[in-house]
Each structure stands twice: as structure tokens, then as C-alpha cells.
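Chains here go by letter, A, B, C and D, matching the order in which they are written, and residues are numbered from 1 within each.
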Amino acid sequence: MEDAKLLRQYEVMLRERYFVLEQCTQNAKGKIHGYLHCYTGEEAIAAGICADLTPKDTVFSTHRAEGHLVSMGARFDRMMAESFGRVDGYGKGLGGVMHMSVPEIGLVHSNGVVGGGIGLAVGAALAHRYRKDGRVAVAFFGDGASSHGVLYEGMNLASVWKLPVIFVLENNGFAISSPASKMISVADVARRADGFSLPGITVDGNDLVAVYEAASAAIRRARTGEGPTFLECKTYRTRGHNEGDPQWYYRTREEVKDWEQNRDPVKRCKALLISKGLLTEEKDKAMIDAIKKELAEAVAFADASLYPGEEYLEKYVWKEQ
Amino acid sequence: MAELTYGKAIGRAIAEEMRRDPDVFVMGENVGTTGNIFKVLEGLLAEFGEERVRDTPLAEEIIINAAVGSAMAGLRPVAEIMYVDFTTFGLDALLNQASKSWFNSAGRVNCPMVLRCPQGAGPGRGSHHTNSLEAWFAHVPGLKVVLPATPADAKGLMVSAIRDDNPVVFLEHKQLYFTKGEVPDGEYSIPLGKADVKRAGKDLTIVCYSITVHTALKAAELLRKEGIEAEVLDLRCLMPLDREAVLASVAKTRRAMVLYEAPVHYGAGGEIVTLIQQELFRDLRAPVRRIGGLHTHIAYAPNLCAAAVPTVEQVAAAARDLVGYKRKA
Amino acid sequence: MAELTYGKAIGRAIAEEMRRDPDVFVMGENVGTTGNIFKVLEGLLAEFGEERVRDTPLAEEIIINAAVGSAMAGLRPVAEIMYVDFTTFGLDALLNQASKSWFNSAGRVNCPMVLRCPQGAGPGRGSHHTNSLEAWFAHVPGLKVVLPATPADAKGLMVSAIRDDNPVVFLEHKQLYFTKGEVPDGEYSIPLGKADVKRAGKDLTIVCYSITVHTALKAAELLRKEGIEAEVLDLRCLMPLDREAVLASVAKTRRAMVLYEAPVHYGAGGEIVTLIQQELFRDLRAPVRRIGGLHTHIAYAPNLCAAAVPTVEQVAAAARDLVGYKRKA
Amino acid sequence: MEDAKLLRQYEVMLRERYFVLEQCTQNAKGKIHGYLHCYTGEEAIAAGICADLTPKDTVFSTHRAEGHLVSMGARFDRMMAESFGRVDGYGKGLGGVMHMSVPEIGLVHSNGVVGGGIGLAVGAALAHRYRKDGRVAVAFFGDGASSHGVLYEGMNLASVWKLPVIFVLENNGFAISSPASKMISVADVARRADGFSLPGITVDGNDLVAVYEAASAAIRRARTGEGPTFLECKTYRTRGHNEGDPQWYYRTREEVKDWEQNRDPVKRCKALLISKGLLTEEKDKAMIDAIKKELAEAVAFADASLYPGEEYLEKYVWKEQ
């Protein structure tokens, strides 16, 4: 990973982190109406995977979507407005926090249905292959979702048709309260890719460089017609499943603290940058300040935006011919 | 009698049946450790252990299949799909396997299972967690479909659903989970297919089920002040449908409205309208009114969520129309 | 004009659209080498090649998902599920993804796809290959639902379905595939949502679609000999529904019957009954009659298959009842 | 495989073979109304798998069910009556040729839905495990069906819960006209079992002894609580996908002839038995004659049986309470 990209993607991670934390703040004020699933602790995955993607690629996200949205370049203000359910949000308040679509930046769809985007990404990859346009489709999904059959149907199809799709498993060890170790019959889900004849790679999902290197190779493979790749990124969410999750019945505070203190992807990347002489505390602070300013504006924008009018309810059911 | 929430009444019914019958067990996503995300099943894991309260992987197709297969092999699963929206991954097992095993085998293999799912609108959830799919299930011969509106009904119907020898889809409205009511203690069951007059009245009948029972009751209160006495008939089950109760009520009131929350077109209400106008055409003083949800999805924005489902005022206005209708123009 | 079978008319429409628009392609099980098991797509592989006529693995969930995803990415897939019964593996992609993408994105992502499926009764197939699921699809906001009855309609509607910017479920009756009719050559499309008077009449309206159009036409012939003139209104699409055409016809005849083959309860007919009695209550000379299939599964034994679906005699008898009905007893 | 069992299962194979051929004869006369999917060429699989099963086990069959039915001990007469759609058939003519259920012999369900029985078998295995009754569930399915997601959901569940289920893939190389080599991204599907942490074994499905030995071990594993096994049996159907299949557009007559002449499971087993001195031509002929006699009686029985009355249509929709 070149230095410039490393620094840029560090900033992306900061943007992910602070955007989500600001959502939490707003959520605590009652301004976010839905389930808020924080990406906190997993930022390196989105930043690493999306680094070499372009707005012409097609990304299918999850219920834990903000990291992917930010990494593809979504605007804070419109995302914040959408999470407030306001008309200036990406989905005019219809879709909401779990259902943002920003096709102009390549983020086709985030999804309230766990696993719901996997097959769609395979379909988008089919479109890319059909048009020979060199684009790539990416499906993000969690360890819980990896138990869904559509993943295996999709891997098989992508493999026999050599589709340019990357299956990105964000294995954070839990599906709500259910530990992956009890729910999944194999330690590294990526091992399953072997049976479908595609490369299956497991990386430390909290290591931006490791994720990036694996993603970059997978994207290259896809763009040059070599077909799909399965990428498993091991990570940990350091906040509850959603805001309000009474999480301490299924994991300990110590475990969370350990991840926050010793394996946080943002901290690790910052240390790396500093060690490489690419970042100083001041520069870091300046970046964060700029992000916070943008966030304050985003909140103001969202606050000023109205709830959508009732006419939208029927307007967007069918596209008019 | 004890005051319980709708959710806890369901959990209690299941626990009592599990104590009574060792073949009854529970499975689904996060049903054990979490006690289900609405706390319906809280305490069951501690009492019955992991063999009988099974946290499954996140895989709806195999959850439904495993329920159906274990029922065919003689158990009585009470399986949960976390939201009805996600039954869509496993409908072969319901439509082609569970509902048809008794038929295809001409009485050799039955499928005594309950599939529990929360459904219905709710603000801030968006369109992937708010489908109402009762019309789909009710259309499938061989399935029974239950939609309780109160804690007592939820308990009594759940007991019957578990004891039933057929596959039962038990649809719980997510906005009712924390509503409270008196629930009989101990052995208490309500036969499937018996409607319940939740409020008697002589001027019109509001046929409803699930959450719209409460909308209807509130509208009836408004109307009472205007001198209109609405009868609120809670179907409780769409299949079997209590035709007799519907016809008896409308034969008396001679005016009827059918009320439900799902998108209006091709919803379950058309069945009831058809029944009433077919059987009571000569008696009706006005066309049967049908009020469903707007024919759209449930949006995230709370105002739009509220705007998509029938409101008390809308029901009251329709009732006034019905009462004021003149058979000849 | 050329005489074509219903199946070939569909194949021809698809081929013409594929010639016109490079984004249109076909995928499904055995659609290429076999040209689909009903030969609907015969010749397409030879003309368009494997990239555009794609034999898929036997995996309905990914077929539907891949269609939806490729449509979201700008193609116009015409995907086939070999029998509608097997859409049950992939309904998340239809119910939650395809039908809601336009809504959730407030007009940013649409899903221009056609999902083709044969459906309906047929002797000797048994209950796993004979579901009729139009009521399910018609209930889902955001989907369009087309059910042609004749070769010409099949062609004209398929062309419109492919050009439509929304997800369209195109339901073909398996017993119609080898029926023949004149089909216009070249560019020929029929707008979705326009019903068609297949036979004019003044005494009653039979509202029908798909195979029951033919049942209705035969019944109308019987009735003609008895001096009863039935109007046969073929809906052709359940969504959009041509309300105007239904109401115009019944306003004229003042008696109506709704006819379909699916299990009767909670079927699509209730919607039409509701519409008619709501809008034309004062004009109706008799309650709207609804005739559906028996509320059961389609059995294997040919006599039971025939007994489960509406017959010409049953329709004629109902028509006589309707005409003889006295509004006052 | 002990001699007595080998001989017994050879007879089972003969019964499979001749029953199906008799169905073909009857089908040609128009007496069978549905799609008739012949098991011809695949008999060793059912005979080998079912040898150690009992009526208390739970077998879930496919659209190509007769081999499984016969191997579990179904009666010719009632099966024939069912394929004629008559009231004395196992399903009184309601279910028909693709939907026979004979629970008293352990055959719970055959299935018109490809892959439809896989998840049900997992469920039945759950019942066995729940009751600790030492029984085994078996799912038969084809190479086509192996692309269905439910198989992978089922393998995962069976693996984490150690369910006594055997996944039996009858890989005959085709799903109607679609060759497995183009539709499946791996040569031996059994390899996929590895990613789900269960044993995946590929055997020559036309070799009764090989199938039996693998099945017997899998059944033992299942009965003793060691969990699921995936068994892939490579085979070939020597008749069309269904009777009437104009098959020569997707495979050659030579290929079929080769399998019939050189790899037929019945012939192979017969040669083995003769070489072991367990069978003579006379004894073979006597067995076949007895089978043919039973078949003639079965046809007569089916012919004499009536079509079901219309009252059954509504009688068997719901089980009365």
C-alpha cells in the first residue's frame, strides 16, 4: 500500500469512526428512529476494500452500512438526514438508516435483510461480465449472514461464470448474541471457498494494510476476468449489536476493552503512520477537527430538513413509464 | 388472572406447553441467550436448557426446513423467524412441504408445527422489517393462520396452535408486544377458528384482526359519542375463518367494514368482503367497506409509517359513511 | 399475422426484444440447450449464444437474485423459474429487494426485470408443480403481475413487460403453451394494465384471466344458446388492475362473476369483488359471484385435477343463478 | 459387506430395476400420468445406502424415488397403484408418482421439489438427536440439487449440532440437459463438506459394495452421535431425464451404451456374486421370475383399483383435530 493511499484511507477510517459516533450522539437525543448498528471497530475493512474501487463499481452493503457508505464517498449531510428520516436524505426518509442507496458513488444498496445483498452483488457482477466493462461488484456481509444458503449458490454461480465479484465477510464474531464459534462449523469461513473453486483468504480485518493488499489483488483478479474471490476479514464490533443492546449477557466488558485498547484499527493505523513519519499528532488533530466541523454541519443540515411529505408514499412504489 | 404483556403471554403459553409435552421445543435466531429480541422467550433457556431452546445459525431456510422435518418426524417445534419478512427464504418448506404433506401422503404424514413471526408496521424500521404477510399464508390450503390482538388471546391461541396437528403460522404484531392485559392462569386455550366480539354494537360491524382490533375499538369509542354503536369482531384466525361469526354479526348490524394493516390490494380483506356480500347481499344497507394499509411499503420516517396504516379517524369516518349510506341514490 | 402457439409467441417476443436491445438477456434452468422444457425459448441459444441465453445451475434463489442484481446494475434480464412453485426459494429477492428498491432509494435504483414462470393445474403433475401464486405477487406493492390468456396477448404483454422499468412477474399457464392463435408480426405491444373484452355481452360480466378466460368463453357459448349474453373481460394484468374496464363492464351488465383457478380463499378474486361491490353497489342486480379453484392442492389423479378447477358447467350454472337472482327475496 | 447382505441387496437392485422397467412399460400404455423419472443405472446407490437402515430411520427421497422406495421395502402393488393415480396407492392417488410417503418403512417423503427433502432430513435428524433414539435421517438428492443453498445451510446446522443425517448425493452428471461439469464449480462436490467440518466421501455409485461400505460407516457414525456425513455417489442414468426426454441433444447414444454395457451396477454385482460362488444363472433367473410375477400382480392390482373419489380433495387438506 503506497504511503499516500495509506494516509488517505486512514482519513477514511477517521471519517467512518466519527460519523458513526456522531450518529450515536444523535441517536441518544432520539433523532434516529431505527435500529442503529455501529461499525465501530471494523473501519479498516471498508477502508481497505473500497480503496481501489471506483464509483462505477457496484457495492452492496448491509445493515451495518455506514462504514461502507463513508468509504465509497457518501456525504455526511445526506446520510445524517436519512438517518433522521428527513427528505434531504439519500432516500428522502423512505429508506432510512438501514437502506441507503447511493448509486452515483457505486454504493447500490444497503440492506435490512441480513445476507440480502450477496445474491444481488452476484447479479451486478453478471452485468459487469455481460458488458465486459471491467467493473467489480462487492458484497459485504457478516458472519451471521455467512450461514445463508444464497452465499453458496452465489459462490458456485460466480465461480462457473467467472463473475467479477468479491465476497467480503466481515467476521466480527457475533450475530447479535450468537457467537460465530457456536453457529458456524468451521473456524475460517474462507476455507469453504475452496470447495467452490475460488480463492478464499482470511485476513486480520483490523489491519488496514492487510485488508487493502488482499482486496487490491482480488479487485485486480476481478477486473481482468479471473473471477471471484472470497475475503474473510476477522474483526470485532466494539459497540453493541445496535445502540441499546444490553450486550453484557453474551460478552464481557473486558473483552471489549481489550479490543478497544489493543486492537483498534484506527489506533493501529495511526501508530503505523506515525512510525512511518506520515502523520503527526497535530495533523491528526487537524483532520479530526475538520471532520467534526463537517459533522456539525451535517447535523444542522439534517435538523433543518423536513420529514417527507405523504405524497412520497405512493409516488415511489412504481417507476413511472 | 395475571396482568401480562402480549409478548410474555406468548412466552408463558409456550413454557406451559413445554412443561406438559416433552416433544415441544423452541428454535430460532437468538431465542435462547437473548430470549428473542422482544424478550418473548426470556427465561426459557434457563428452565429448559439448550436442547429445547435452540439458538440457530442465521439461516431462515434451514430453520423452517428443520422445523418441518422435525415435525414430520414427530416433534412439535415452535420455530421463530425473527421478522416475517425473512420467511421469504424458506417458503418452499411451508408452501410445498408442510402444507402438502398430509395431502400428498393422503393422511400418512402430518406436520404439527408452529411458525412464530412478528410482523407489521413500526416507525424507524424501514421496509425490510415491516411486511404484513398474512394474506400469503391464508391463501395456502393446509396452513392455519393466527393473529392475536390481546395478551389473553395470544396465550389461548398459542396453546391451541402448539396442540394442533397441522402447520400453524402464528403472526404477532410487533407493536403489541408490550401492551398489557389480564391473562388467565394455568390451562387456558382458545380454539383456532373462533372469532371474538371484542365490543358489541348494533349499527355496523368492524371485522378486524391483530393490531387493527385496537384501532377499531378506539374508533368505536369515538363513534359511541356520536350515537353510533359499532360491533368490533376480532377474527383472531384467518384460517380457519369463522364465517358464522362474521355473518351473524353483519346479519344483525347490516353494515360492515373490513379492516387490516397490510397493503390494501389483494389483501386478506377481500375474502371477508366477498363472504359478506355473497351471503348477505339482500340484507346489506351499504356496500361493505374495506380499509387496508396504503398500497405501499412502510417507510422509515415515522410520519410516513403512521400515514401508511389505517387510523382511528379514518375508521370512524368510514363508519359514518356507512351509517349514512342510502341504498337508493 | 402468423399462427403461433402461446409458448412460441412468448419466445418470439423475447427474441425480438433481444434483437432490439442488447441489454435484454435470458437466464434460467435448461433455457439454452433445452430451449426451456416447454420449448418456449427454442432457437434462442443458437441465435444469441451462451452469453445472452444462460443455462443456470439448479438454484432458484440465486437465479432470482442474479436477475434482480443485474437489473439494478442496468441490464434487463428475462429470468425463468421452471415452475412458479420454485420461486419460493428466492422470494426475499422479489419481496424485499426488487419490489422495494425504487421506494427505499426514493427513485435512485430501479429494477427492470421480468420473472417468467409457468403455473397452474395440470393432470399427473402432483401438488409440487401446480401452484397458482398470482395473488401473492399481486399483493406486493412495486411488482407488476401479468397473466396472458392468448398467444397474441402473450406476445404483446411480454414486449411491454421487458420494456417496463419495474419488476414484472409474468405468469404463463402451462396448459396454454400449446394452444394456438393469430399473432401480429413485428413490433406489437400491449400496455400493462389494460383489460380486454374477449366477448361482449349485456347480461353479466365474467371477470377472468389466464386459462379461465377460455373456460369463460366456453361457458358464454353455452349460455348464448339459452339466451344469456355474457361479457368476458380478460384482466390480463392483476397489477396494474384495469379498474375502469371492470367498472364499465359491470355498470353495463349489472351482474358480475369473478373467475380464477387458484385455491379460492384469499385468492385474487376477492379484490375484484371488493372493487365492484364498493363502486357499483346500487347498480348490482345480484351479489358478485366468485368462483375459484377448490381450496385444496392439485392432486395427481387426473380426475381430481379436473375436479379442483372451475369448469365450464360450473360457470354456466353460476351465470344462470346470477341472471335469475331477485334483489328482494 | 457380508455375503448374505450382498446377495440380498443384489436382489433389491433387481427389484429396483424391474419395477422401474415395468413402470416404463405401463407408462408407454398411458397409464402413468405424471413425469416418470427412471432410476435405471443408479440402483446400487439406493441398495447400498438403505442396506443398514431400518423402518425407524427417516429417508427423504426425490423425484427419482422408486429406487429408494424399493430399497426401503415399499410394496410393488401400492407403488404401482400410486403411479396410476389410484385409490389403493400409497397416497390414494393424491400424491402420485413423485410424492410417495411410506413412513411405516421409514420413507417419509419423496419430493417433486428438487432439493426439497434436504432440509427436511436435517429436521428429522434433529428429532432423532432430540430424542436420542439412535435413528438416522437420510437425504437423497442429485447433482442439480447440490447447487441449492439449503444443502449448505443444512450441512452447517448438522455439523454444529452433530445431527445424525447422511447427505447422499446421487451425482449422475446431469440436471435434465445441464451437465454437472458446467453447472458445478468443483469436480467432487463432496470436497465441499470439508468446509463444513463433516466427512465428505466420493464413491463409485455403481459399485454396490463401495456404496455400502461408505454408507455403513456413515450410519454407524450417525447412530453413535458422531454427526453427519456427506456421501457423493458418482453414477449415470441410462434412460432419459424422464420418459419421453429427447435426450440426444445433450448426450450421445454411445455414452449411454458405454455405461449400460460396461458399468451397469446390476451387471457388475451379478458378476461379483457369480465370481464369489454366491449366485448362479439359474438362481438369478428364478429371482427375476419371482419379481416379474410380483410385478404382474402389482399391475393387475393397480389396474383394478379405482381413481380416488372427489371427497378426498378436501378431506386431506387439514388433519382433523
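By definition in this document, a residue touches a chain if its C-beta (ideal position, glycine included) is under 8 Å from a C-beta of that chain, and two chains touch if they have at least 3 such contacts.
Nothing here was measured: the structure is a model prediction, and the numbers come from that model.
Novice: Taking each chain's centre as the mean of its CA atoms, which one is farthest from the centre of chain B?
Specialist: Relative to chain B, the chain whose C-alpha centre sits farthest away is D.
Novice: Could you give the separation in Å between the centres of chain C and chain D, each centre being the mean of its C-alpha atoms?
Specialist: One centre to the other, that is 36 Å.
Novice: Distance between chain B and chain D based on Cα centroids, please, to the nearest Å.
Specialist: Averaging C-alpha atoms per chain gives centres 40 Å apart.
Novice: Two or more other chains in contact with one residue: find those residues in chain B.
Specialist: Where chain B meets two or more other chains at a single residue, that happens at 56-57, 59, 61-62, 85-86, 89, 92, 96, 100, 103-104, 126-128, 141-142, 295-297, 299.
Novice: Going by the contact rule already set, what residues in chain D reach two or more other chains?
Specialist: Each of 91, 93-95, 99, 111-113, 116, 147-150, 153, 156, 160, 182-184, 312, 317 in chain D touches at least two other chains.
Novice: So that we know how the chains sit together, what is the shape of their touch graph: line, ring, star, complete or other?
Specialist: complete
Novice: Under the stated contact criterion, what part of chain D meets chain C in this complex?
Specialist: The contact residues of chain D facing chain C are 32-35, 82, 85-86, 91, 93-99, 111-116, 144-145, 147-150, 175-178, 182-184, 249-250, 307-308, 310, 312-314, 317.
Novice: Chain D touches which residues of chain B in the complex?
Specialist: Touch residues, chain B against chain D: 25, 51, 54, 56-57, 59, 61-62, 64-75, 77, 90, 92-93, 96-97, 100-110, 141-142, 144, 164-166.
Novice: Which residues of chain A touch chain D in the complex?
Specialist: 147-153, 155-156, 159-160, 182-186, 189, 191-198
Novice: Taking the touch rule as given, give the residues of chain B at its contact with chain A in the complex, in rising order.
Specialist: Per the stated touch rule, the residues are 29-30, 33-34, 37, 55-62, 85-86, 89, 123-129, 294-297, 299-304, 307-308.
Novice: Contact residues on chain C for chain B in the complex?
Specialist: It comes out as residues 61, 85-86, 88-89, 91-92, 94-96, 99-100, 103-104, 126-128, 131, 135-136, 138-142, 238-239, 241, 262-263, 265-271, 273-274, 277-278, 281-282, 284, 286-290, 295-297, 299, 327-329.
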